Amino acid sequence: MHTWLSSLVTDKNTRAGKYFDLVTQAVIALSLILFTLETVPELASYAPFFELAEAVIIIFFTVEYVLRFAAAGSKRAYIFSFYGIIDLLSILPFFLTLGVVDLRFVRIFRLFRLLRLFKLTRYTHALNRLKRAVDDIKEELILYVVFTLLLIYLSSIGIYYFENQAQPEKFRSVIDSMWWAIATLTTVGYGDIFPITAGGKLFTFFLLLIGLGFVSVPSALLAAALTRQFRHRNDEQPPSS
Amino acid sequence: MHTWLSSLVTDKNTRAGKYFDLVTQAVIALSLILFTLETVPELASYAPFFELAEAVIIIFFTVEYVLRFAAAGSKRAYIFSFYGIIDLLSILPFFLTLGVVDLRFVRIFRLFRLLRLFKLTRYTHALNRLKRAVDDIKEELILYVVFTLLLIYLSSIGIYYFENQAQPEKFRSVIDSMWWAIATLTTVGYGDIFPITAGGKLFTFFLLLIGLGFVSVPSALLAAALTRQFRHRNDEQPPSS
Amino acid sequence: MHTWLSSLVTDKNTRAGKYFDLVTQAVIALSLILFTLETVPELASYAPFFELAEAVIIIFFTVEYVLRFAAAGSKRAYIFSFYGIIDLLSILPFFLTLGVVDLRFVRIFRLFRLLRLFKLTRYTHALNRLKRAVDDIKEELILYVVFTLLLIYLSSIGIYYFENQAQPEKFRSVIDSMWWAIATLTTVGYGDIFPITAGGKLFTFFLLLIGLGFVSVPSALLAAALTRQFRHRNDEQPPSS
Amino acid sequence: MHTWLSSLVTDKNTRAGKYFDLVTQAVIALSLILFTLETVPELASYAPFFELAEAVIIIFFTVEYVLRFAAAGSKRAYIFSFYGIIDLLSILPFFLTLGVVDLRFVRIFRLFRLLRLFKLTRYTHALNRLKRAVDDIKEELILYVVFTLLLIYLSSIGIYYFENQAQPEKFRSVIDSMWWAIATLTTVGYGDIFPITAGGKLFTFFLLLIGLGFVSVPSALLAAALTRQFRHRNDEQPPSS
């Protein structure tokens, strides 16, 4: 039975394994859609239906967890693996809150339900190239995150000195100014907070001139690293053209 | 006659073929300009003129369709080819709505008229390099689209938990929160919806720090793939410098 | 005298030529600063001073033009060269409007004064690499401009159908919708115009998912082409590290 | 003693040197957090605590400065080195303002305190690659900064002519228009200032079509230069895959 279970749960090449994966993915997608619809105020009257559907899904995921546990060679390794933890977190909150009265309390646990999403990534092999590319530029990425954080901090202090007196409500403290720094350096620019003094505008000008170059480098680096991964692939295979 | 037609309609190297292409392109451009002007409220009084012009253009496109049909080696292959379908859709809605009274009904069909635009792309050969470049990174692009969708979904749920209580009108449900996630992760930031709680702002901060890198990778990947196509070209020809 | 003039006006390696260039650049910068300050309402009382300064600058540029004309080997070639035309346009509007009463009329001519700026580029040699890089990807850039225009046009029509009924004042016609399309696809997102219907928001979502990739490709392509120019340079010289 | 001091202050490989660095970094981080919290209006009552903490930190940094000075081979070289100046500026403002009454005056000096941050960068070696990459494209970066400044200037004049009459309050002068140009070309788009005339919108359209390509090139160039630095590294080591 062990072999049959293994081929169902972990082997993607057998027919049964394929169907098992397809069904699991469909149920995950369904649970996400239901979770989304639950938050729509207009559908509040369907709450009993949502609760029933949730219970059915939890049963499915529990059976799946038990099967995966049974199929695993090393039980211990499965429980403490990344996906083992994700699988457990997907179902555990439901059992922990059974009989609990205060629903507010439950809500916080439900946030863990999002983790169920990560199961989707189990099914893709194309991630390896991305993983190697990120590995390749790990130090550079960390350096840029540090740089970006420093830049956000420095620009928050700078804009605070320029704008605090003119807009004491919006630029209340350096912490409030950070919200401006983030929205500006990422060029999101919601428009809820922006400099109005000449000094603040000049400061923003130089900040953007210097800052934008740095903030957008990580994605360009990642693309370059991925391109290198492609070149390695192409050295093995003939090019597509 | 078949040979003469072929050289007119499909051969771009003969003089007649060139003029035919130029005239067709001009009529397509004209029909698009007229379509645009029709929507301007100030020009509502010119409606009869627009209708007449539309009728003339439809006659031109119908003649063109008949010519292309006659010139085609395999009639069946032309009708079911991409451009055969586009050509037909460009003229069909007009004939289907002749004599129909309710104009609202017509409007929906007119959306197909946009497809006429794609005819313009028939005339360019430079697309091949783009097509090969997209082919080269197809898997990566799909992976990123999936990632982006997951990121949008997860950030919608996250911001919903943080902002729903503070702004129940703007972050009404996870679906409404998605509109915020899209406007934020693409850095469009219209400013119609943004977090106001400390938690929501902190969440946005980490989302942008992680998310922006991913969202802008596809275009960098496409540029890198196009650059590879250039290198292949340059291996055959000497460089321009 | 001809040789002395040539070494002053066109030769950048002689001492006199260097000083001539420095003084010319300083006067151009000064004229730009004055032009900017002229538009500040608070400085309206200094108008006579600005007029005097403008007259002095025009005399300087006229003398410079005469010198360049005298130094030129082929007078005809200089007059019709790019910089010959720029030089003339920098001073001509002033003489054409002498004695003219209506100042509004003059304003339009003054727009030509901006062209004086382009003289600054004469002094840099580093542009050649950029020029070769642009040459290298000319076809691709044109293709992307065409694509971007098509995308803006199609998205304008699409959003018009979705939003016209809900916001007849903002999305009045396809032309007005184009302003939205530009602000959205470039991710500027001023916030003066944005979709409010579910259909319009979904349309924007897919537009951004597809569109952003295309719109940001040209700059990535340009960077890649410039990188190739660097590699050519590095093949001749040893690397800097 | 000199050798022991050197190994503590400048050598990162000894145990004592490592602890010294860790403690110094922690104190810098602490001083930054305190500085940030000081600006929060709600914490105004904790002012005496902040002042005490600041005094303790200044003592720590002063001792550190004296140790570094004592450990330095050439005292003169340390004082006039980049970090020597930063170290001094981190503590000097405090001593200069001791006994000064007007606190407003002090605030300006406190801006120098931000420089303390740069000490953090002393501890990272990964910057060298970035430094070489920037060196590699120095001329190009300067050229682009000049280009960007020209573009901002020209677009400010252009939009001023189009929008000044329609929005005299927002586009008051060319200088005010520059704020618009910066927010638009960086795609931040706060929404506080945008064109409303047809001419101004058309001008913005062409500006973005041409301008965006240029403004985002520097970061792509930097990424390409960093990639070259990686290739040099990989030529020495075997690739990670």
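First chain written, first letter: the chains are A, B, C and D, and each begins at residue 1.
The criterion applied here is as follows: a residue touches a chain if its C-beta (ideal position, glycine included) is under 8 Å from a C-beta of that chain, and two chains touch if they have at least 3 such contacts.
Because the structure is a prediction, the values reported are computed rather than measured.
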Problem set entry | Winner on C-beta contact pairs when A-C is weighed against A-D | A-D
Exercise. When chain C touches chain D, do the two copies use mostly the same residue numbers, with over half shared, or different ones?
Worked result: different
For this session: Would you mind pulling out the distance in Å between where the CA atoms of chain A average out and where those of chain D do?
Result: 30
Exercise. Rounded to the nearest whole Å, what is the centre-to-centre distance of chain A and chain C, using the mean of the C-alpha atoms as each centre?
Worked result: 42
Exercise. For chain D, which residues are shared contacts with two or more other chains?
Worked result: 187-191, 215-216, 220, 223-224
For this session: Could you tell me which shape the graph of touching chains takes: line, ring, star, complete or other?
Result: complete
Problem set entry | Residue numbers on chain D that touch chain A, as the complex places them | 32, 35-36, 39-41, 107, 111, 114, 117, 120, 124, 126-127, 129-130, 145, 148, 178-179, 182-183, 186-192, 215-216, 218-220, 222-224, 226-227, 230, 239-241
For this session: Could you pull out which chain B residues touch chain D in their complex?
Result: 187, 189-191, 220
Problem set entry | Contacting residues of chain A [partner chain D, same complex] | 132, 135-137, 139-140, 143, 146, 150, 153-154, 157-158, 160-161, 164, 172-175, 184, 187-191, 194, 201, 204-205, 208-209, 212-217, 220-221, 223-224, 228-229, 232
